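These notes open a run of structures that come right after.
Common to both upcoming complexes is subunit A, partnered first by subunit B, then by subunit C.
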Partner chain A sequence: MADGSIGLWTVPLAVFGGAIRVSTPFLFVSLGECITERSGRINLGLEGTLIMGAMSAYGISYLSGSPWLGVLAAGITGALLGALHAGICSLPRVNDIAVGIALMLFGTGLAFYLGKPLIEPTAARLPAIDFGWWSDIPQVRAALRINVLFLIGVAIAPILFWAFRTTRWGLLIRTAGESSDAARAMGYSVLWIRLRATMVGGFLAGIGGSFLSLFYPGSWNEGLSSGQGITAVALVIFARWDPMLCLWASLAFGGAAALGPALQSVGVTSGYHLFNAAPYILTLAIMIITCSPKRTLTGAPAELSITR
Partner chain B sequence: MTTEAADPVEAVAVSPAADPGFLQRYGTTIEYILIPGAALVGALAVFGIFVALFGKNPLDLYFYMYQGAFGTWFSWQNTLTRAAPLILTALCTALPAQLGMVIIGGEGALLIGALSATSIALAMPWASPLVVQIAMVCAGVVGGGLWITLAGALRQYRGVNETISSLLLVYIGLAILNHLVEGAMRDPSSLNKPSTREIGAANMIGSIPGTDVHWGLVFGMVAALASYILIYHTVFGFAARVAGGNIRAARIVGLGVGKLIMTICFLAGGAAGLAGMIEVAAVQGRTNANLAAGYGFTGILVAFLARQNPLAIIPVAILLGGISASGGLLQRRLGLPDASVLVLQGIIFVFVLASDALYGRVGFLKGKS
Partner chain C sequence: MIIGETPLPSGALGVDAVAMTMRFGDFTALDNVELKVRPGSFHALLGENGAGKSTLVKCIMGYYRATEGDVLVGGREQTIANPKEAHALGLGMVYQHFTLVPAMTVAENLVLARDDVPAVVNWTKEKKELDAFLARMPFKVPLDARVSDISAGERQKCEILKQLYLKRRFLILDEPTSVLTPGEADEVLGMLRAMVVAGDLTILMITHKFREVMAFADDVTILRRGKLAGHGKVAELTPDDMARTMIGAEQLTVQPPRVGEVGEPRLQLTKLTARDDACAIAVHGVSLTVRGGEIVGIAGVSGNGQRQLVEVLAGQREAESGDIHVRGDLYLANREEMRRHKMFLLPEEPLKNACVGGMSVADNIAFREFDRAPFASGGWWLNRSAFRKDAERKIGLYKIKTRTPDTPISALSGGNVQRAVLARELGGEVEVLIAANPCFGLDFAAVAQIHAEIMAARNRGAAVLLVSEDLDELLELSDRLVVMFHGEFVHEARASEADLTEIGRHMAGH
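After this line comes the complex of A and B, so read on.
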C-alpha cells in the first residue's frame, strides 16, 4: 500500500503538485496583466479572455487533433480581445476599468455560446513530462507530472524581468506607464504602445486559458474558470508589477487553491467550499496587508487608474 | 464613467438661460437618452450580424426578442419579474458611482442578503408572516449592506481597490453560501440540489393583485425612487456628488468622506441584499445555488446603461429584464444557446462604454451657446 506508506505526507505532496498545476493559469494571466499594467492600462477583462482562451483551445484541439494548435488559437483569441479592449480604451473619456468589466461579461458569454457544442466531445490534451520517473510512489509521480506550459511560463518571468530593465521595448512600455507625456515628447504614440502591450497581455492570458481546458482540469465546461482571471489581476498588484514576484505569488496561490482538493483526497470533506475559496480570501488578505490609504504603492506605474 | 452626469435640473440652473431655446434647455437630457439609445441599436445590429453568421435570420431574432420580452401579457409579466432584482442590483453599482467608486460585487451582496433573510425566517417559525417578512427585509438589507460596506471600508481605510475587492467578495460569498447550504443549513430531504429548508408558503410575499408579478417590483421601484431623491434632492446626496467630483475639494470643505463612503456602500449593498431577500421570499422559497443566476452582474450593465441615474435604472432594468426573458423563446424557436443573452449583454455593454466618447460631440445638440 503506497498510500499508507507515505501517510499524511499526501497532503503537502498534493499541495506541491497542485501548486505547479493550478498556478499555471495564474502565472500566465498575471505575467500578461503585468505587461499591460506596466504600460499604464488595466485590463480587468482577462477573466473573460481566460475563458475564451480555454474554449477556443479546446475547440481547435478537437477539430485539428493538435493541442498545440489549440494553444496558439487561444493566444490569438486573447490577443484579439486585448486589441478590442485597447481599441475601445483609446477613444476619449472611456474608462479602462469599465471596459474590462464589459469584456469580462462579453468574453464569458461568447465562450459559453460558442462552446455549447464542445461540452460533450473529448479533445486531444497537452502532454506532460514525467519528472517523477525515479520514484516508486504513485503520489510523487503524479505530483511531478509537469506540463510544458508551466515551464514556459517559468521561463517567461525572468525574461520579462530582464526585458523591462534592459530592452528598448521594456523601456518604452515603462515610459508609457510612468508618464504618457514623456513618451509623447519622445515622439512615440502612447495608444500604439498600449495597444501592443494589451495584445501581448491578452495573448498570454489566452494561453493560460488553454492550460485550463487542455491540461488541468482538462475539459471544457461552463464552470471552468471562476475568478482565476480576476485573482491573477489582483496578484499583479500584490507582486508590485514585478514579473519575478508574479511567479512566486502564482505558486503560492496555486498551493492555496490546491489545498481543498488535497484535503478532500485524504478524506477531509467538510469545509470543501471554504477551502476552494482560499485563493480569494488570500488575495483579499494580502491586498489588505500590502495596500495603504496614505501612499501609492511602490512600483506602481504612475499612469495606472487603479492606483489613483 | 465620467462623473459629469449632472442632472437636467442643475444643468438648467447653471446655464444663464438668456435664450432658453429647447436644445439648450434639454440638450443634455436628450443626449443622455439619444446616445445610449443609439448604442443599444448598434449593439442589436451587431448581434443580428452575429446570429446571421450562424445561419439564423436576424429579423426572426428581433421578432422573437420582442415577442418574448414585450409581445404578450405573459411575457410582460416575465419581463417585470426579472426586472425587479435588476433594479436593486443596479443600485448596488449606481449609488457608489456617485462617489466615483466602481463596485461590481452586487452578486455577492445578493447571495449574502438571501442567506441572511432565509436564516432569520427559519429561526422564527412561531412568528406571524408579517413579522417574518419584515425581519427578512431587515436581515437581507443588513447582510448585503455589511458585505459591500466591507469593500468600502477596505477602500477608505486600507486603500484596497474596491472593484477588485468587491468581485473577490462575490466568490467568497458564493463559497459561504455553498458551505452552509451543503452543511449546517442543509435540508436533509433536498437530495439532488442541496438547499436550506423552505421558509414556508405563508411567509412568501406573493404577487401584485391581478398579475403574476411579485411585490419585489414595487420594492425595487420604491428603492430606486428613494435613491434618486437621496442623491439629487438632499444635502447628503449633494455632499456625495461633491465628493465624487473632487475628493480633495470635499475634504477641504470638511465633508466626512469616510462616513459618506460607508453610508453609500451600506445602502448599495442593502439594495442588492434586498434583491436576494426578494428572490427567496417571492421566487425560490429557500436558499440554494440557483440564486447565483447572474442578476448581480447584469445589474452592473443596467447601472452603466442608465448612466448611474437611479431613476433611469427602472426603464433600463425593464429593458434588460425583457432581453433575459426573451432568452427562453430564442432557445425554443431559433435554437440559439441560452448564452446568447449573455453575448448580447456583453455587446451592449461594450457599445455603451464606447459611446461615452460621443458626449458633447453630437453636432445638432450643441445648441447656439
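After this line comes the complex of A and C, so read on.
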C-alpha cells in the first residue's frame, strides 16, 4: 500500500464519497418536497426549481464573488417559483401535477435562457471541510472532503422530523395535508398553509440546485441536472413522507449513482452504463417490493391528488 | 374591553337567529327563519334534507354571511364573520363529517384545535393537562391512539370532548348519533344533557331521530324547504306532530305489506374473508344464507367490515378466501354471472359506486343492458332512441326529478340519483338484491319509496341482503337480522323478536 493504492477498497470508498456528493441535491429536493407534500400538494416543478437554483447561484456567486450569496439567491429563486406554483394551484379547478409539469419545463427553459452567458466564466465555489486530514491516502482524503451544505441537509432531516410533531407549523402542515376540512373547521386557511409549505419546499430545492453548480459537478451547463429534481419527488414517495427516511433514501440513491464511476476507476469497464442505471433499478426494485395492488400507500397524506 | 360594557355571562349561552335569509344566486336556502335557543336548554332542529338546517347553523357559525338577518349571542347582536369569531364568543360545532385528522393522535388533535397552539408544543406538559381534563369528563378516550385506529363511536366522543376542552358554552351538534350504537347515543346525549341541566352548556342538535328529540330535547324548531315550519316545547308535541310539520302535505309512497313464503337458498356466503385497503382483515370468515322471499339485514356500526363485504359482492374487491354461491353456482361477481342470476345492487354513495357522474341519466339507467337488444344491435351499435325511450319510461315510473334524460346524473340531488339507480336495478326481474345504506342522507319521500321498492322486490320472491347503519330501517324491513362486529357475524335474531338493547350490545362488541 506504499504507493497509495488501496486496491478494491476504492470501490466502497468511492461509493461512500459519491453517496455524500451525489446525495446532497436529492436530500434538499426531497426534504423540500416532503414539506410540500405533507401539506397536501405535489410540486413536480422542483426539477425546474433545481435548475433555476443552480443557474442563479452560479450567476450571483460569479457576480458577487461570494458562493454563500449564491446559495441564498438560489433559495430565494426557489421560493419564488414555489409561490408561483402555489399561487396557480390556489385557483379553482387547477391540478397541481399539471402545473408542476408546466413549471418544470418553464424553470428549465428559463434557466437555459438566462444562463447562456454563464457557461464560460468560472464562479467562486463552495468550500468543503476536510475530514480526511488524518489520512495519507488520497482516495480517503477525497472521499472525506465534505461540503457544508451536505451537513446542513443532514441536520435539517431530524429537525423536520421533530418539527412535524412538536411545532405549531408542523401540526398545521400535517392537518392541511391530511384533512383540509379539519383545517378549515379550525379556521385555518389551507391555501395559505400550502403556499408557505410550497415556498419553503422551493427554497430547499433551490439550495439543492446551488450545490450542483457551486460544488459538484461545480459548473454551469445545460446538462447539469439529469433529472435529480424529478427523482427526488419519487424518493419522497418511497420514503413514505418521512424526513428521516428521505435522508436514508437520498444516501442510498447517491451511493447507487456513484457505483458506476467507482467500478470504472478500478478497471471494471464492462457494463458501465448498466451500473450507471443502478439508482433507477434500485428505485424500481424498492417500489415493486414495497407496493401492493391490494393496499393503498401507507403514510401518504390523504389530501394528495395521487391518493384522493 | 370598552368601559361600561358588561362581559358576556359565563356558563350556558343563549343564541337567537332573527329573520335569517340566505340566498345562493337565485336559490333561497333560508327564507326569513327565526330560531330562539334559550340559555341552558337542549334544543332540537328538525327538518328534511335540504330544509336549510345546515345553512342556518353555518350562518350562525360564520361559515356563510347571511343575506339578511342577525345573530344574537347572549342577547347581544353580534357580527360573526368567520368561525374563529364564533369560537371567540364561545360557540362551537360538531360536524356530521369528522373534523379530526385521522393520521394524528387524539392528543395532537385536541391541542391542534386550540386557538392558541404554542409555536413549540411541550408534550409532557400538554399530556398532563389533558389527563387532568379527561379525569373531569364522564367518558374516556385513548390520548395516544391514532384517530384512524379508534372506533367511530370513540371518534364522535373525541369530537364532543374537543369542544368541551375548548370551553364552548353553546354547542351545535350536526346529526351526532348517526355513527353511534343506540347505547352509545344515549350515553353521549345523556352526559351532554347533564351538562345542560347543570347550566354549563346550551345545545342545539340537528337530528332526524324523533326518539332522541323526545328523550333529550327541551325545545324543538322545525324547518321545511328553507322556511320556519313550526317550533315549540317537546313536552307538548308528539313524534307524529313533528313528522307532519316536517313533511308538509307531501304524499309518501305506501309500503306494501310483508307477504309470501320463504323460498330456496339464493345467496350463500361460505367462510368469506376479505382485506381492507390497509391490508388488514376486514371481513373474517363469514357464512350466511339468504333465501328467496326474505330480507336479511346486517346491522353494525360503520367500519366493521360491512363496506368491504358489499364491495366483494359487487365485484369491487377481491375476496381473500371463501366462496360465494348464487343458486348453487360459484359466483365471482362478473357481469355475465350478475346477468344470469338476475343479481342487482344498490351500493352506498350511489353517485360514486353505481354511476358515472358526467354521463347522462339515460346512459346511467341503461348500464346493465346497454350492450344488448333493444339498446344495441350486434352487441356494439347503440340505439340512442331506445336508451331515451326506456329512460323516459323509468323516469316517470320512479318519479326521478331531472330536467331531461340527457342531464348529467351528477346534477341530480342525492334522492334522485338513488331513484335512478333504483330504476336501473329494480326495473326488471330481480332474484338477488344487495342494498347498502340505500337511504343514507335522503328525505322522507325518497326513503319511503326506496323502502317500498325493496319490500316489493322481496314479496316478488327476491333474496335481499340489506346492509345498513340505521337500526330502525333494518327492524322495519328485515325478516332476519345479523349483527356484524370486527368483520364477524356475532349475533342473529328474527327481526320481529329482536331486542334493541341486546342488538346494541352486540354492535358494541359485548
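The rule is short, and it goes like this: the second predicted complex is superposed on the first by the 302 of 308 C-alpha atoms of A that agree within 3 Å, B and C clash if a C-alpha of one lies under 4 Å from a C-alpha of the other, contacts with A are read in each partner's own complex, and residues count from 1 in each chain.
Keep in mind that, in the parts below, a residue touches a chain if its C-beta (ideal position, glycine included) is under 8 Å from a C-beta of that chain, and two chains touch if they have at least 3 such contacts.
Worth saying up front: this structure is predicted, and the values here are computed from it rather than measured.
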Which of subunit B and subunit C A:223 touches, first, second, both or neither: neither
May I ask you to decide whether A:302 touches subunit B, subunit C, both, or neither, giving the answer as first, second, both or neither? second
Taking the superposition as given, does A:181 touch the first partner, subunit B, the second, subunit C, both, or neither? second
Examine A:287 and indicate which partner it touches, taking first as subunit B and second as subunit C; both and neither are also allowed. first
Contacts for A:267 in the overlay, against subunit B (first) and subunit C (second): which applies, first, second, both or neither? neither
After lining up the shared chain so the two structures overlap, which partner does A:171 touch, if you call subunit B first and subunit C second: first, second, both or neither? second
Partner with the higher number of touched subunit A residues, subunit C or subunit B: B
Do any residues of subunit A touch both subunit B and subunit C, and if so, which are they? 292, 294
Residue ranges of subunit A touching subunit B (in the complex, touch as defined): 44, 84, 88, 91-95, 97-99, 101-103, 105-110, 112-113, 116, 226-227, 230-231, 233-234, 237, 270-274, 276-277, 280-281, 283-284, 287-288, 291-294, 306
Enumerate the contact residues on subunit B facing subunit A in the complex. 1-2, 102, 104, 154, 156-161, 163-165, 167-172, 174-176, 178-179, 182-183, 297, 300-301, 304, 337-347, 349-350, 352-354, 356-357, 359
Give every residue of subunit A touching subunit C within the complex, in rising order. 165-169, 171-172, 174-175, 178-179, 181-182, 185-187, 292, 294-296, 298, 301-302
Subunit A-touching residues of subunit C, taken from the complex the two chains share: 82-84, 87, 93, 95, 97-104, 108, 111-113, 115, 117-121, 123, 275, 277-279, 318
